[in-house]
Amino acid sequence: MEAADLERALRPVLGDRLLGVEPFEGTAGRVRFRREGAVDLFRTARDTLLFGHLTMVGGIDWVDHREVVYVLWSDTARQYAILSADVPADDAHIETASAVWPSANWHEREAWELVDISFDHHPDLRHLLTPDGYVFHPLLRSFKLHEPEELEVKSRHV
Amino acid sequence: MTEAKTSDGENAADNPILYVARPMATAARQFAKSLRRPSTIVYPYERLEDPRFRDQVAVEPGRPIGVGQVWDNYRGVHALNIATCISCNLCAFSCPDICIEMVTVPGDDPKHPKKCPQIDYGKCSYCGFCSDACPEGCLTMTTRYELSTPHRAEMVYSPQKLNEVFRSKLPMNPIRLELPENEDRILLDPPLCIGCNACARDCPTQCITMLDVPRPDAKPGEKLPKRIWKEPVVNDSDCVRCGTCISVCPKECLFWGSRP
Amino acid sequence: MSEMWINMGPQHPMTHGLWNLRVKIDGEMVLDVDPEMGYLHRGIEKISEDRHYNEVITLMDRCCYVAGFAWEHLYILAAEQALHIRPPERAEYLRVMSDEFQRIGSHLMWYAAFVQDLGLMSPFLYGMRDRDLVLDLFQAYTGARLTYEYMRVGGVRNDVPPGFTDRARKVLDWLDDRYREYDALCMGSTIFRERCDDLGILKANDCVAHGVTGPMLRAAGVRRDLRKDRPYAVYKQIDFDVAQADAADVTARYLVRMEEMRQSNRILRQVLDWLDHHPGPMMADNLPRWLGAPYAPIGNEGYLLKRSYPKGTGFSAVEEPHGEACAYVVNEGALHPYRVKFRSPVFSNISAARQYLVGYHVADIPPIMGSVDVCVGEVDR
Amino acid sequence: MSSATLYSVSYALAALILNVIGFIIPPIRAPITNVDVVTVLAVLIFGALLLAASMLNTILLIWWERKLLGRFMDRRGAMHVGFAGLLQNFADGFKLFRKNTFQPAEADTLGFYSGPTAYMVTSMILFGILPISSGWNSGSLPLSLLLALAIFSFAPLFIFVSAWSSNNKYSLMGGMRSAAQMIAYEVPILLAVVSVVILSGSFSLTTIVYEQQNYWFWGPLVVALIVFVAAMLAEMERIPFDLPEAEAELVEGWNTEYGGMLFAFFMLADYLRALVGSILVVLLFLGGWTLPTWVPSAATSFPLAGILWFMLKTYLVFGLFVWVRASLPRVRTDQLLRVGWNRMIPLALLSVFLAAALVTVRCVPVFGCVPSAGA
C-alpha cells in the first residue's frame, strides 16, 4: 500500500477534509486531514483499509498550533500508516478515536495531560502520568525544564 | 511459524501421574550441583574483577563462562591524568548530566590557569561520553565501583582526587575512539579577523599559529580597518576540535565547516 | 465480606515496578480493576528535547531497565531516519546481536519474576543467575551491565573484543540446557498447569482492539512479529521462526516467551558467525561518536555553533521483548530533537487490564500480571 | 529405657537448688524444702527447659531451612554470623526484639496483642506433650496424640483474631483463607491419624512409638503418610499451601501489620509448628526414636542416642518440606479446598479401611506376618 492508494481510498469519503497524503519512509504514507473529518477517517481506516490496530496517539506542540499524530498498523498490508491533524493552540480539541479503537483510551489521556489536546467524547479523560490536579502540560514548549514549578498536588484517593 | 511447545515436547497434562515429580527432581539435581560450589560470588571476599576468581566463578565447574578478560572495559570511577590534561573542556561539554565542572588546578603559569574536570558522582550516570570525548586520553574510566559515602560532599571528586585514582594503577578502559577522518575543522572568515591572537593564546594544543598577512594598500578615501595584520592558521592534524578558539574569538570570525 | 476496593500498589509485591492496581473484590473474586500509572514518570520525552541526539541514548537505557538495548535501537532507528544517516552493516549486526541478547535477558528476568509470583522460589534464582551471564556479555563489550550507552546515531560505539564470539557461544550452549530445566520446573509441574491454564484469557480480537502486542498477542494465535513483518536492521538476512500459541492464556504466554528465547539463540548463532567473518567499520562516515549527529561543539561560554542538517521526521518500530515499541522523532534542524514520542508496548498491554483480570480470583492477579511482563519504566517514561 | 525423665531431672535440680539455699540460710531451710515448694519449682524448671529446648530447636530449624533452601537455589544461605551462619537467626531475633512494636490506627488492641501471644503460647505447649525420646518426659498421658492435635488446631482461631483486629484488608483476607484452609485440612489429618491409631491401638504417642519397634508404620500406611504430610504442609502454611500469607497478592497475609517482636512471635510459632509437624510425622510413621532391628545396638546404646536419632529424623523430614518448598508453586484457594475435600479425605478414608483390614487379618504384608499389637 502506498500513499497514492491511501489517497484514492480516502478522497471519496473525506473530500476536502483530506488535506493530502504524503509519502513517509517506512510507512504506507502520512495522511493529513482536518479535524472535522476525524470520525469518518477513523472508521474508513479501520473498516475499509483494515488498519485494525491503533499503535499510538501523540501530540506535538508547534507553538502556533498543535498536531495530533496517529499511527496505525494493518495486519493485512503489514504496514504502518500515519495520520496527522492540526488543531489550533487556543482551541485544541479533536474527536476521540477510542470509540473506534479502544486502545486509544490511554494514549489520548496521555496526550491530553501532556500536550493539552482535548478529546471530545472521550470516556475517561483523567490524569494518567501526572498527578490529579496537576495544572501544567509538560510537553508544551512553554514549559521550561530548568524552572521547576511549585505546586501543591492533592492526593488521588482520600 | 513455530507452534510454541516445551523443549522436549512433554508436559504434565500428558502425564498426570508425575504430578510434582519432575520439578522436584530438577530441584534435587540443582541441589546436588550446588553442594560442590554454588554459583554465587561471596562479594566482599571474592570479586569479579579479581583475576583469581575469573576462572573459578562458573555456573558449572570446569566451564568458565561469564566474566573474562574484558573486565577492564568496565565504566567505573574516572581516572584523570592531570599532567596530560590540556583543559580543552570537551569532557564537560559532552556530559549529558552536567556533572563535570572545570576547576582551576595550581599550575606553573599563573596567567593561564589550568582547568581540569571535577566530577560530581551524585549526578554522574557513567555513560562514558566524557572519556570518549577526551582527545588526549587523560580522562578514562576505571574498574572501581565502590563509592558509597555518608556525605554528599564526598561524592564530588576534585581533579586531585581523580588523579589519585589514576595513580592507583587500576585497569582502565582500553577502548579509545579515533576522530573521524574528514571531520569538520576550524575555518576563518578573513575579513572579520582583527588578528588579536586570542585564539592562538587559548588554544589548548597550541595548534594555532598567527601568520602575517600582507597589509593591503589603502586606496584613497578608504580607511583600513584597525587591526593587527596577522591571521590564525590551524594545524588540523593537531586540532582536537574543542572549539575554545571559537568561543574566545571577539569578532566571531571562526566557525566550523568542512573544506574540500 | 462485602465488596471493597483494595490498592495493590504502589508498594506491593505484585507490582514489579512502581504502579498501583486498584482492585474491586468480592471475597476472592475480582469485580473491577483500575490501573494507575505515573509513579515513575520522569518526563523522558521532555528531557529529550533538551539534549543532543546522542545524549538521548543515556535516557533510553533508563526507559526500560530490563530491555535497554531494545530502546536504544528503537530511538537510534528513528533518529537516523530523521537525520538521514545510514549505519554500516557491521554496526547493524552488532545492534541485532545486542537486541537478541537483550531479549533473552529480559525474558529471563520475566521468568524469574513470573515464577516468583506463583510462589516458585528456586527458579527465580535460576533465572536471575542465567541472566547474569547475559549481563556479563554486555559488560564485556559495552562496559556496563545495565545502562549500556552503546549505540550511537550512525553506528555503534565500539567493536566486540577479541574472543567475544566464542564466549557468547558458550553462554548460548549453557542457556539451551537451562531452557529444558525451566520447562521441567514449570510445564512439568501439575500445580503450575493448574494455576496457569485458562487464566487471564485475552482473545485475538480483544488484543487487537486494545492495542496489545508482543508475546501476549502471539499467544492468542496472531502471527505478528515486526522482525518478520517489517524487518529492520538486518533481520531480513536472518533465518528464524515466530513463536506462536493459540490458547491465549498464561500458559500460552509462558510457552511463547520460552520459544522466543530459543529462537533468539538461533538468531544469535547466525549473527555471531557473521561477525566472525565480516570485519568492517563501526560508524557511518564523518560522524563523531560522542557529541551527537549534527556536530555541535560548544564554546566555553555556551556559545553554540552548528552544522545544519536537513529537517526530517523519523518513525521507527521494533519488536521489543515486551511487544511492539514505536518512536517518532521530529528533527527541526536544531541541535536537539524537536519532539520525541515513544510508544511503549507495556503501556497498551496494561491499559487492557480490565479485559483480562476481571472475573478471576485475587490470587490470579499476580500470575496474570506476571504474564503481561510489566516494566513500569517504559510505561511512565 | 532410661529412667531419668526430663521431669525427674528438673525435680532433682529444684531440690538441689532449694537445699543449697537452705544450707546457706538455715532458718528457712525447713519451709522451702517442703515437697510442694520443690514440686512447684520443678515444674517451673521443667517449663524453662522445655522453652529453651523448643526455642533452640526452632532457631536451628530456621537455620536448617535457610541453608537447605540456599543450596536448592544455587546460593549459600546465611553464612556470616557464627560458624556457617548458625548465629544469624539469633542476630535476627535480637534485631526484631529491639524494634519498636507498633499498632495500626483503629486496630483492636486486645486482639492485636493477644493473637500472636496466644498463637505462640499454644504452639509451645505442644512441645511439652510430645515425647522426644523415652527419657524426655513422662510420656504417660494416655491421650497425648489427641491432645497434641487439639492444641494444634487452635491456631486458626488466633490467626483469625489477630488478622481481624489489625484492621487491614490484606490481613483480613489472609485470616479468612487461613481459617478455611486449616479447617479443611483438620479432617484429613485426623483421618490419617485414625489409621495409625487403629494399627497401634493407642492414643498415646509413646505407645505408638513402641508399637513400631518391629516395623515402622509408613510401610503399611503409605497412603496415610502421604495424606498426613500434605495436610501437615497445609496446616503449617508452607509452600505449596501458604496462601494465607501468599506474599504475591496479600503482601504478608495475616501478619501484614505486625512488626518487631510480635512478628517474631508469629515467625517463631510458625517454625515451632513446623517442628511439631515434623516430629509428629516421625512419631506416627517413622518409628520415633527407635531404629530398625538390624541396626547394631551400639548405635542406640550410648547416652541420649534416642534424642539424637529422633532429631536426625525430624530434620530430615523437615528437609523434605524444604525440598517441596523449593520446587513447587503455590496453589489457589479454591484448588486447595478442592484438593482438601475431594482428594485428601477419600484417600484418608481409604487408608483407614486399609489399616482396619490389616488389623483384621492380623497381617502386615510388607514386612511379613507378625502378631499385631493392636488387636
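As written, the chains take the letters A, B, C and D, and residue 1 is the first residue of each chain.
Everything that follows uses one rule, which is that contacts are C-beta pairs under 8 Å (C-beta built on N, C-alpha and C of every residue); 3 or more make two chains touch, one makes a residue touch a chain.
Here the structure is a predicted model, which means the values were calculated and not measured.
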Checklist entry - Which chains contact both subunit A and subunit C? => result none
Item to check | Between B-C and B-D, the pair joined by more C-beta contacts | outcome: B-C
Next on the checklist: As a quick test, compute the distance in whole Å between the mean CA positions of subunit B and subunit D.
Outcome noted: 61
Checklist entry - In angstrom, rounded to a whole number, how far apart do the mean CA points of subunit B and subunit C lie? => result 27
Item to check | Between subunit D and subunit A, distance of the C-alpha-averaged centres to the nearest whole Å | outcome: 64
Item to check | Interchain centroid distance [CA atoms averaged], subunit C/subunit D, Å | outcome: 48
Checklist entry - At which residue positions does subunit B touch at least two other chains? => result 20, 23, 26-27, 30, 39
Item to check | Two or more partner chains touched - positions in subunit C | outcome: 122, 126, 129, 185, 189, 191-192
Next on the checklist: At least two partner chains per residue is the criterion; list those residues in subunit D.
Outcome noted: 72-75, 326-328
Item to check | Each pair of chains that touches, named by its two labels | outcome: A-C, B-C, B-D, C-D
Next on the checklist: So in the complex, the part of subunit B that touches subunit C is made up of which residues?
Outcome noted: 1-8, 10-13, 16, 18-20, 22-23, 25-27, 30, 39, 59-60, 63, 65-71, 73-75, 89, 93-94, 96-97, 125-129, 132-133, 141, 173, 175, 177, 179-184, 241-244, 246-248, 255-258
Checklist entry - Which of the residues in subunit B end up touching subunit D in this complex? => result 20, 23-24, 26-28, 30-31, 33-35, 38-40, 42
Checklist outcome for this item: Per the touch rule, the subunit C residues reaching subunit A in their complex are 7, 36-38, 41, 43, 45-47, 49-50, 81, 208-212, 222, 224, 229-230, 313, 315-317, 324, 326, 328, 330, 338-339, 341, 343, 347-348, 351-352, 380-381
Next on the checklist: Residue numbers of subunit D touching subunit B in their complex, please.
Outcome noted: 68, 70-76, 79, 323-324, 326-328
Item to check | Residues of subunit A touching subunit C in the complex | outcome: 24-27, 52-56, 58, 60-61, 69, 71, 73, 75, 78-80, 82, 101-103, 105-107, 114, 127-131, 138-139, 143, 145, 156-157
